[in-house]
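Read through the structures below before going on.
Both of the next two complexes hold chain A, though its partner changes from chain B to chain C.
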Partner chain A sequence: MAKIIAVHSFRGGTGKSNITANLASLVALAGHRVGIIDTDIQSPGIHVIFGFNQDNLKYALNDYLWGNCKIEDAAYDVTRAAIPEPNGDRPRLFLIPSSVKTGEIARVLCDGYDVGLLNDGIQSVSRALSLDYLFIDTHPGVNEETLLSIAICDRFMLIMRPDNQDFQGTAVTVELAHRLEVQEILLIVNKVPQGMEAGMLQGQIESTYKAEVVGMLPLNAEMASLASSALFSVRYGDHPITQTLKGIARRIMT
Partner chain B sequence: MIPPITVHLLDSAQGHPLQTWKFDDRDSVTMGRSPDNDIVVTDPYVSRSHAYLKFDGDQWRLISLSRQRIYFEGQVVPEVPIDGGTVCRLGPHGCYLKFDQTAAQQDDRATISFDASTMPILKLDRERMQQEVSQFVEAPYFKQLKEAIRQRREQKEQQQLEETKH
Partner chain C sequence: MSTDGTNYLDALVTKLKSAAAPFRDTLNELHAKYKDVREGAVADYIPELAKADPNAFGISVMSVDGQVVEVGDHQQLFSLQSISKPFVFGLALEDHGREHVLSKVSVEPTGEAFNSIVLDETTNRPFNPLVNAGAIATADLVEGKNFSERISRMLAMFSRYFGRTLYVDNSIFMSERATGHRNRAIGHLMLNFGMIKDRVEETLELYFQQCSLLVNCHDLAVLGATLANGGVNPITGQRAIKAEYVKDVLSIMASCGMYDYAGEWAFRVGLPAKSGVGGGIVAVVPGKFGIGIYSPPLDAKGNSVRGVLACRELSERFGLHVFEAGHDGPSLEDEFRPRRG
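For the complex of A and B:
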């Protein structure tokens, strides 16, 4: 059975997709078969990090949800983004993107989709690709799809920035996760400004949320400039941020 | 001339100083759970002899004596140089201490003065949070989901039980 890691943030712009892509790659590099599914159908983004655009995506998650294909048909092997010359069946990294086509996005917004079908898809793609880990890159905010991701995951990872709006909004999601009896809630604080007392911040967040802060990432110009064009942990293998990300990846695998 | 050092024990949730110690004319200060330390903290997660402060001729340094180590800015470190307002945690679950090399001039000021830097960094409106949580929790979808999880958990337990029987 694949371990499911749902990655969520209360607002957009926390670096969720970027962190998800990097963590999934690092977990794969440790010798696993890893999938990433972009359930942020309304504002997809993670495909960009792996070099996809409207023209080179045949099928997307949307096609599965409309019954046009099997979910594994929408899975792309992106191992080469993390490892130049992969061989064997491990490590492997797969991406199930959401459609970038505006018509497809509009259709979801207008018609909605069966969230139950998403659950079935997550289970069957894990089996079909023999995944060890599956990362769900969720839509920001709380909706039925987020709640489903919380309910079915083994680890719920929340990414927040150290500001009051995120602190308030994340508190709601954490409380919902506690009520859905999630096995483990892991918090990542991203874009911590220089000079902010990280230790105290961590203590305040942990004691308020009753959840573990597994990593604090600084506001970083290199990461921001690389943004969503490539994997930071691959490009800057020895960077302190990569070391922190590796620590989080190890925590996910324990 | 050794600069005086001030140590605040912080309430971890709020960052308020709970207790303050000030040391003049000393070049080392010990801290831990054991009563023979200069700073005694009654925290079960702190070691009996956890760490000590040492003036190295230039500045104060906090040095770990315990396998529980010191946590500084989220990292485990053996030693931390003290600048103005350095906050460290004694062990992964221990208390937070704030260190000030440039201490207040008057002995009694540290304990009664208002220090904005130890105020909580983030604010949470709990009442608003509870209101928003109940909006979700009372919705039919949330109830369905909870019921589905409960059933799945029961099935899993049943399966495990049957597996152990065989």
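For the complex of A and C:
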């Protein structure tokens, strides 16, 4: 059975999708079959990082939720974004994108959907693609997709910036995660400004949320100028950020 | 609802735990396995029942803490029919106490059909409250200073169980009433023996109304979960029946709930249950779960074919039989909790 990793942040702009895409690729590169599902139906985006063009997209997660297709029909092999010439069953990287068509986003808001179906889909795509890991990229804030992914995940990763708004919001998410009986919360602090005392910050955050900080990532110019056009860990293989991400990936796989 | 939102938070968490339950997979699989069963026939003694879609099939399972997992046509409305009987029996018990009610209706299973015109020869009592005669006798016991008060007390009782306002399907009610000659005969026979009060038409109206209440399969799961939960609706927290009478309702369902299949049902499934000719079945796992199933085609004994098959499999898979002592497979409680690796 696939290990489910839910990645979330209470507020937008924390770098959640970029971190998710990089961690999923690094876990795949370690020799696994990995899926990423973009449950951020209201503001999808992670497909961009994989250079995935939605113009010729036949099915998206939306189609599955509305009963137009099986969820595996909405899964696309994006291994090449991380490895130039993949061969064999492993590593493999699959993406289940959400639609960026305005009408389809509007339909979600108008009609809603049965959130239980999302769980059915996550379970069946894990089986159909024989996944070892499935990453769920969630919508920021509290909504049903997010809470469902918290409720079904094996590991819950919470990304925050060293910002007072993030501190408050993260407390809300942590409380909900406890209510949903999550066993393990892993915190990532991103966009830490130069000069901020990282060790003290980490201790403060760990004692506030009683959860482990698995990585502190600096506010970084190369990451920003990449503008989600590619996987950072592939483009900058030896960068200290990539090394930190590799450490987090190893932590996920333990 | 509390002003600090605690109840909303509880409701949200319960909803998400339901959506996350591994039992969804199991229930989808069970539904797929039996949806193409083509045995049985839709009840057609009144035209309104004959209109039901024979392919309709829904299952809802609710835990006593309010988690619910459902599949298929769980929102399709249908008439409650005989499923109403044990609950009106419960109301009669609350109104009169156990001894008085038992002086009017016995609690013996009968191998006779549900609509048989048979009374106990020495006491003139109907055999049990779940055959039509016994149900009419218990409907007669519903208190109220006039007819409309009796009707509203009965509807209020059902609303407490279901946690919502209920409506009578008027066309079903009208045809039950227009064609209810046999039930009318049963009523008059009991009046003749002094077993019911001289208000037969009124009591029959009440009886036809309880049979014509519109519910869905989700409602049946709530009904079952309320009994499983000692008489308290798990969603609203409202008590539907005094705790002391819960066991009376459950034991009558266990011994007589499935018409003249009750014996084999008790043996194979081993859960208190009640079926109706509308295609519904409610089953109760005491202390744990309520199960609601809807599928209109009935077998020769008047029970939903797919409903019986699904209940049998659920009981066998999860060791739900109330006398189960050696089950070593997964429990249904486990399937309601997220599975984490």
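To be clear about the criterion, the second predicted complex is superposed on the first by the 252 of 254 C-alpha atoms of A that agree within 3 Å, B and C clash if a C-alpha of one lies under 4 Å from a C-alpha of the other, contacts with A are read in each partner's own complex, and residues count from 1 in each chain.
We take it that a residue touches a chain if its C-beta (ideal position, glycine included) is under 8 Å from a C-beta of that chain, and two chains touch if they have at least 3 such contacts.
Just so you know, these numbers come straight off a predicted model, no measurement behind them.
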Query = Following superposition onto chain A, is the placement of chain B relative to chain C best described as a clash or a fit?
reply = clash
Message = Touch test for A:Gln42: chain B only (first), chain C only (second), both, or neither?
response = neither
Query = Which partner does A:Leu118 reach: the first (chain B), the second (chain C), both, or neither?
reply = second
Message = For A:Met1 in the superposed arrangement: first (chain B), second (chain C), both or neither?
response = second
Query = Given the touch rule stated above, what does A:Leu148 touch, chain B (first), chain C (second), both, or neither?
reply = both
Message = Quick check on the superposed pair: does A:Phe167 touch chain B, chain C, both, or neither? Answer first, second, both or neither.
response = first
Key: Partner chain(s) touched by A:Leu180 [first = chain B, second = chain C, both, neither]   = both
Task = Classify the contacts of A:Met216 with the two partner chains as first (chain B alone), second (chain C alone), both, or neither.
result = first
Ask   = Looking at the overlay, does A:Gln204 come into contact with chain B only (first), chain C only (second), both, or neither?
value = first
Query = After superposition on chain A, which segment of chain C among 8-16, 188-196, 206-214 or 278-286 overlaps with chain B?
reply = 8-16
Ask   = In the superposed view, which residues of chain A touch chain B and also chain C?
value = 144, 147-148, 151, 176, 179-181
Chain B residues touching chain A - in the complex, by the definition given at the top = 10, 12-15, 71-74, 85, 87-89, 96, 120-125, 128-130, 132-133, 136-137, 141-142, 145-146, 148-149
Ask   = For the complex, which residues does chain C have touching chain A?
value = 9, 12-13, 15-22, 24-25, 28, 69, 337-338, 340-341
Ask   = Can you list the chain A residues touching chain C in their complex?
value = 1, 3-4, 114-116, 118-120, 123, 144, 147-148, 150-154, 176, 179-181, 183
Key: Parts of chain A lying in touch with chain B, wherever the complex brings them together   = 142, 144, 147-148, 151, 162-164, 167-168, 171-172, 175-176, 179-181, 196-205, 207-208, 213, 215-216
